[in-house]
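For reference, chains read A, B, C and D in written order, and residue numbers begin at 1 within each chain.
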Amino acid sequence: MFREIKEHVYRALSSLYDKGLMAYTWGNVSEIDHTRQYMAIKPSGLDLNHLHIEDIVIVDIKTGKVVEGDYKPSSDTSTHLELYRRFDTIGGIVHSHSINAVAFSQAGMDIPILGTTHADYFCGSIPCTRPLSDNEMENDYEINTGWVIIETIERRGYDPMSIPGIVVRNHGPFSWGVDAEQAVFYAGIMEIIAEMNFKTLCLNPNSEMPAKLIEKHWNRKNGPLAYYGQ
Amino acid sequence: MFREIKEHVYRALSSLYDKGLMAYTWGNVSEIDHTRQYMAIKPSGLDLNHLHIEDIVIVDIKTGKVVEGDYKPSSDTSTHLELYRRFDTIGGIVHSHSINAVAFSQAGMDIPILGTTHADYFCGSIPCTRPLSDNEMENDYEINTGWVIIETIERRGYDPMSIPGIVVRNHGPFSWGVDAEQAVFYAGIMEIIAEMNFKTLCLNPNSEMPAKLIEKHWNRKNGPLAYYGQ
Amino acid sequence: MFREIKEHVYRALSSLYDKGLMAYTWGNVSEIDHTRQYMAIKPSGLDLNHLHIEDIVIVDIKTGKVVEGDYKPSSDTSTHLELYRRFDTIGGIVHSHSINAVAFSQAGMDIPILGTTHADYFCGSIPCTRPLSDNEMENDYEINTGWVIIETIERRGYDPMSIPGIVVRNHGPFSWGVDAEQAVFYAGIMEIIAEMNFKTLCLNPNSEMPAKLIEKHWNRKNGPLAYYGQ
Amino acid sequence: MFREIKEHVYRALSSLYDKGLMAYTWGNVSEIDHTRQYMAIKPSGLDLNHLHIEDIVIVDIKTGKVVEGDYKPSSDTSTHLELYRRFDTIGGIVHSHSINAVAFSQAGMDIPILGTTHADYFCGSIPCTRPLSDNEMENDYEINTGWVIIETIERRGYDPMSIPGIVVRNHGPFSWGVDAEQAVFYAGIMEIIAEMNFKTLCLNPNSEMPAKLIEKHWNRKNGPLAYYGQ
């Protein structure tokens, strides 16, 4: 019954390892089924060498309970659940500890929008969330991680699909898409952009990009009159 | 009829991927035929895994119309056309988003000439273009990208074959040569030089190179009395 | 008799090379047997291509004498011995010259704790030892290297298994664990964290991490109520 | 007759490419025969794909004339000759454009001695030469490059085998050894040290290493009482 989303999650995990975005067990991937009742998610603490498709865990979106699978789901399960519950355009989520994106999260900085590579996929700076309060860390830490992502998106007032990723303060990047494969795609792009922007800011800390150029590239690829691609 | 330039463009694209200069679909390659009436160019938005030699698109240089091929040509087609129309020594063009060259373009900085690696192939700093005006971005963006490259070369008053590359502000590197293969060659050298110079400027922001040493290395390899090579 | 610990040390060395943590002959690995009377350690100055399992040297922990093996043991043997003698929870030790960890040791800086990647495995900053005195360098240099590691741990007052690694000033990283394999695991993590933190500090020299988040991640993975993993 | 030194030079070149120290045709290798009358050196401007053992050129040390080989020798031949003529302990020379060592040469900075990785092979900072005068560049540039290396070594007053490498200002690294293989070995170490030190100086521009620790590590490996290795 859940074969397809399990396969998608497994393949997305393989792809994360292949692209060098995931070391050890540092990351997780999930995908929601088309009814939006269940999600498939990586088991906690296992790396790809010890993982089979059938080990992917199925969790009920509403209750958060495991409904299929022999393993405990990812420790970040509650974070994924909050995002799926809040945004019904999100179909897949990736969390990784890719090095350059982590550097921005540890520096407490947005990944600023500085070039067209960025603007083709994210129509603004990729936000860094605020630090959680001590209370938010002590109680329901993973749920609150989901909430601080939601809060950041809603306070800044943008559609999560227009900037399909974020860096969680002192932690690392999350990205999302219509499915797990697309979430991996954005995870890869975030990491490359983060490396470009790290170097850009070392060269010139005052670098910036004209608003009109952001708009032009975003629309050329994603707007109603997009003319990039076939 | 256009088999040869299609093959050249296809092979140049493979080479860009092999050398790590191109990720995803981020870049394009073109080559003009010997009559300078037609160019072969990569289709828009396809990566190498989905590309065959026969998919390379043929465009009429004068009209800009597709004359052969099932796909839409690269979204940067007009930029390539402007360069071929203006400079009749240019036979092939490459655009990429290679990381270190993009860093200079995002920082709004020339890739400064600091060493002999650079001076052996580019006889001066590799310019960064000025930002486009809002109007230039809104109307005929790709044509204007070509024009700002031409304007930069002509204002600074040098032969485009003596510095066969440029970084477009907030965008990324373009390079050119007598054919697509040579344009890839210069794209690869620009990226290495950009990495060297990024590190050099981190170590010493005031680095520079004596004019006489630039002249010496350029002439040793490219001047009328060149004695490098066979 | 010592086959098992020799194999463990050999396999751990292979793993160090495979992960890119060791170049040339720059590093060593040891493991203590379950009686804590003997350790197996890499011979001095040999690289993996010239090394067989039977070449691994066995040293008596109490006397420091070689009891089996045709080669001289690692020049850092005395450093390993001091650590095994002092801390009976340490079962394996790795020393390497991995690039980013060395950079912190040469800069004379702790690898500061700045994110959850770090806090999942090391519950505080990874210390950099003080410089040795001239006298400590001239006489019993390797013993004193062991002592300055012990001194650093004890002055700062933490359990060596809660921060299973250190950088020795102007030298490089040491890490340890319950066995050689775990010591390699921590050597790999230290190098990744060092790269993340190098970039973080370039972006924002004042980066820091809330104490509560360190505690949360450390306990989530290592505390009595740990819920990460299976 | 010259088969052995040709093979050594060819193998050393392969090794430079394999280790990522040489891109395109950027570098050269030579080795002197045991009579110190002849050297084998790479032909100018050829890369490894177009090179066979028999293409390696033999040059007479005294006259600088080619005595065997169909190709022109490296454009840097005169630089190699000057070094062999001056220092009779040098048996092999490598020049490359490896990225991190070039960064120091372009920054006009010594590769400072900051750690034991360095002190195990080079008993002091690796000097950066002074800029050549305009006259030295215009006339006999390659000879003068050899001379400025010799001048640097002799003014600073050290044995070239105690610091078997240098960075030529705005150009790149040269290294040497008893033969071509050892010169490649030092070229590889210089590049790693340069990367370590680049990062160290970004973290802490005032980094330094106690003189006693330099002495200790140098002697442990290279002194009369060396005890590193077998």
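Definition applied: a contact is a pair of C-beta atoms (placed from the backbone, for glycine too) under 8 Å apart; a residue touches a chain by one contact, two chains touch by 3 or more.
As the structure is a computational prediction, the values presented were derived from the model and not from experiment.
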item	value
Classification of the subunit A:subunit C interface as same or different, half of numbers criterion	different
Most remote chain, CA-based centroid, reference being subunit D	A
Cα-centroid distance, subunit A relative to subunit C, in whole angstrom	33
Chain centre separation (subunit B, subunit C; CA means) in Å	47
Subunit A residues counted as touching two or more neighbouring chains	202
Category of the chain touch graph - line, ring, star, complete, other	ring
Pairwise chain contacts, counting only pairs that touch as defined	A-B, A-C, B-D, C-D
Complex contacts: residues of subunit D adjacent to subunit C	114-117, 188-189, 192, 195-197, 199-200, 202-204, 207, 209-210, 212-213, 216, 220, 227-230
Residue numbers on subunit D that touch subunit B, as the complex places them	23-26, 43-46, 71-72, 75, 97, 99-100, 102-109, 131-132, 134, 137-138, 141, 170-172, 198, 201-202
